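Both of the next two complexes hold chain A, though its partner changes from chain B to chain C.
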Partner chain A sequence: MAFLETVDLWQRRDGRDLLKNINIRVERNEVFALIGPTGAGKTTLLRLIDLIDTPASGKIFFHGVDTAISDSARLEMRRRMAFVLQKPVVFNMSVFDNIACGLRWRGTGHRQIKEKVNGILETVGLAEYRNRNARTLSGGEMQRVAIARAIATEPEVLLLDEPTANLDPISSSKIEELIRQIIMRNSMTAIMATHDMAQGQRLADRISVLVNGEIVQTGGSREVFTSPRNRAVAEFVGMENLLDGVVISNEGNMLTIGVNGTIVEAVAEYAAGTAVSVGIRPEDVTLSLSKISSSARNSLTGEISLVVTAGPLSRVEIDCGFRLVALVTKRSTEEMGLEKGKRVYASFKATSIHVIKQ
Partner chain B sequence: MKLSARNVLKGKVKKVTHGVVNSEITVDLPGGVNIVSIITKTSAENLGLAPGKEVYAVIKASNVMIATD
Partner chain C sequence: MDEFLQGFIKAFELIVTLDPEVMEITGRTLAIAVSSCLVATVICLPLGSLIQFKQFPGKRILINLIQTFYSIPTVVVGLLVFILFSRTGPFGIFNLMFTPTIMVIGQAILISPIVLGLTISALNSVDRTITDTARSLGASGWQTAWVITREARFAVTAAIILGFGRAISEVGLALMVGGNIRGFTRVITTAISLETSKGDVELSIALGVILFFIALVVNVILNGLQQRK
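And now, the complex of A and B:
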């Protein structure tokens, strides 16, 4: 039995389907991320899971219990969850009181509240701001207050909706680190929505990709990144070399694929004539100045059209019938004199190519 | 051989195991370290890989994982 499960969940508004047939299972102590572009339905789904909104159809089970059985059961379950919003909500009162309010609503004793809130203030690094009015804080600090208030009631499930989307990069990475620490220390079950694939990968055990109200893929965070199921997911996870082609032949699952007049070899199970997208990760492309005799099935030649170096790595774009991006070290770029206009050979293994049926 | 991969290790093929599509090649590096490569069967055949053949194991720096105890 899953800790939290949605079964055939639909949500409609103004005659439009916001969520279609959502089935997710989240296990206890798991960190689960909903990833997708803005408007995909992530917040809508979180609001259903938090039992704030009622679905058009479908069910949500918490510990195997249907959350729709009664209003009192619903309230009881709501109290075991906490929701951190994209835009932090803080009340016009001190930081201490902001964090304490959930406990006060639940009738927790004075001394217990003091002890607990002081502990949490240390955890979120706001001990010095205890008496300050929360409205005077920066965005990142306000989000700390909101997270502190959420965990003060010791929820079993922490829901996070784009917790860093409104913050500058530095505050964003600090909040992310705080979330990671809190989830790990309290071995909490967390469901987070984010449009940031990298953030999802850093924080989550498993990921569901949501596009246009539908879950298009669920899997381990690495799996979704390396083996996207369709073109929409591949584009979303940032697979840079994504080329459309047609399978020309399949000999024992060794494919030759025609891409813009160039032949690419890959290992997959599609029959001749199938329209496919070929995904090549830039870090899997090796460059050389002359043709090399190697096991890599693909060796294409072309002229470099762009070199961008950032830190220890260089991004090299090659025009070889299509645009191919390679990621190599800056040192290799310098030693080989890679620059615009230079002719190079780009090699990549047939086994490293990810083929998606269109 | 001038190529962008940072690691080009010379060794000798120790073992070749063919699968249906892929082949597993074990390369013996100086010092007795072995490195294993999965390549297509076609490539293994084209390169004439057999025990004793001198080869280079090529690994991009970005593909090397580091672990600690």
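And now, the complex of A and C:
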């Protein structure tokens, strides 16, 4: 029996399918991330799980119990969860009263509330703001209040909807650290939605990738990153070079793939004639000014069409029959004199290529 | 012109010497207006939440209807109350005609559309995420309604104060169902209406000044609230 499970969950609004056939299982003490682009249905799914909305069809089981029993049972179950919304939302009252809300609604005693809220204020570093109106705080501080308010009730499941999406980078990393601490310390079950793949990897044990209301891949966070199952996931996890081609031959799983008239060698298990997409991470592409002999099976030549430097890294686009993006250090770019129009050799290993069946 | 000046001087005297009749009328006026306002608030706040938070067919039409009643003439409400509570009416057995009680009932009916309608729009203006947050924190239906009302407290207070203003300043209803009985149902507006027709301008002016003063206080409070928001 899973701790929390959704079975064939659908959600519709205005004749449009927002969620299609969602099946996820979350175990106790697991941190589960829902990853996908904006508008994929992450918030919609979290709202269903928190029992705020009711699904068009399908079921949600909490502790193996069907949540669609009665309104009072749903309220009781909702009281065992907590939900931090994407936009920092605080009530127009003091920080203390904000955090005390959930406890008051559950009928917790006055003294106990005081003790607990004061403890949590210390945890989230807002003790000095205790009596301030929460509306006067900054975005990051408000999100702290929202998180404190959510954990005050000691929920069995913490739901987080892009908790750092609306914050500046510094507040964002502080909030992420706070969330990590809270989850670790209380070995909490958490389901978080994020469009930030890296954040998902940092926080979650398992990841589901949600695209257009459908779960396209579920797996360990590393697995999803290294072996995306289809084009949509590959694009999402940062495989910038995605090239369509056809397998020309397969000799002991050493594939020769034709991409726009260029031959690419890769390791995979597809038969000749299969239409595939070839995924190459920009950081796996090595650039050189002359043809070098190395163990890398693929070496292509082309003209640089664009160089963009940001921080210590440069993004170099090469036109070699198709567009290939390489990520190199700024220092290399300067030393090699990489610039638009220059001819370079791009090489990458057959094993660093991810082949996806179309 | 001289008459007016005399009137103002006399009126000022009546107020500063705390003339018993002026004080008595003012006290009753306030008591009736505050009572009717309380009755309307106690009914309209929960009813407003109910209309705002429940989905039902004809909701839009109902809200439009409530808004139409903002400008119902006071004498029409007076007529309605008269029909209902006169000796031969359905509530005639309570024998309430020409008492302060019936004035409270009448004024409560008169101002309820304003308090109700403005409460609904006040609640409606509270961000949807507040509702979601409250529910996600485990608030029941009524607890959610309470937190929303609390968020909209300034706008809701403004609705109540506007209702109070309409109650205290109306004359048609008070005259029709109260009867302007001296020492029993006479209020500022009915007194002004009667005294002026009798030619006793001083008392009218004194009461008018007091009514104006009450309106001023209400306005200052209202402005203060809106600036806080």
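List of remarks:
The rule is short, and it goes like this: the second predicted complex is superposed on the first by the 349 of 358 C-alpha atoms of A that agree within 3 Å, B and C clash if a C-alpha of one lies under 4 Å from a C-alpha of the other, contacts with A are read in each partner's own complex, and residues count from 1 in each chain.
Just so we're on the same page, contacts are C-beta pairs under 8 Å (C-beta built on N, C-alpha and C of every residue); 3 or more make two chains touch, one makes a residue touch a chain.
Small disclaimer: the values here were computed from a predicted structure and weren't measured.
After overlaying the two complexes on the shared chain, residue contacts for A:Ser290 are found with chain B alone; chain C is out of touch.
Once the two complexes are overlaid on the shared chain, A:Val65 sits clear of chain B and of chain C alike. Using the contact criterion defined above for the overlaid structures, shared-chain residue A:Ala350 touches chain B, although it does not reach chain C.
In the superposed pair of complexes, A:Gly102 makes contact with chain C only, with no contact to chain B.
Legend: residue contacts after superposition of the two complexes on their common chain; A:Phe83 is shown touching chain C, with no touch to chain B.
Once chain A of one complex is fitted onto chain A of the other, the partner contacts of A:Ala127 are absent, as it touches neither chain B nor chain C. Comparing chain B with chain C, the partner in contact with more residues of chain A is B.
Across the superposed pair, chain B and chain C touch chain A at no common residue. Chain A makes touch with chain C in their complex at residues 47, 50, 52, 75, 78-79, 81-83, 85, 87, 89, 91-93, 101-102, 105-106, 146, 149-150, 153, 159. Note for the complex: chain B touches chain A at residues 1-6, 20-22, 25, 37-44, 47, 58, 60-63.
Per the touch definition, chain A reaches chain B in the complex via residues 252-254, 265, 267, 283-284, 286-290, 292-297, 313, 326-329, 331-333, 335-336, 338, 347, 349-351. Per the touch definition, chain C reaches chain A in the complex via residues 127, 129-130, 132-140, 143, 147, 150-151.
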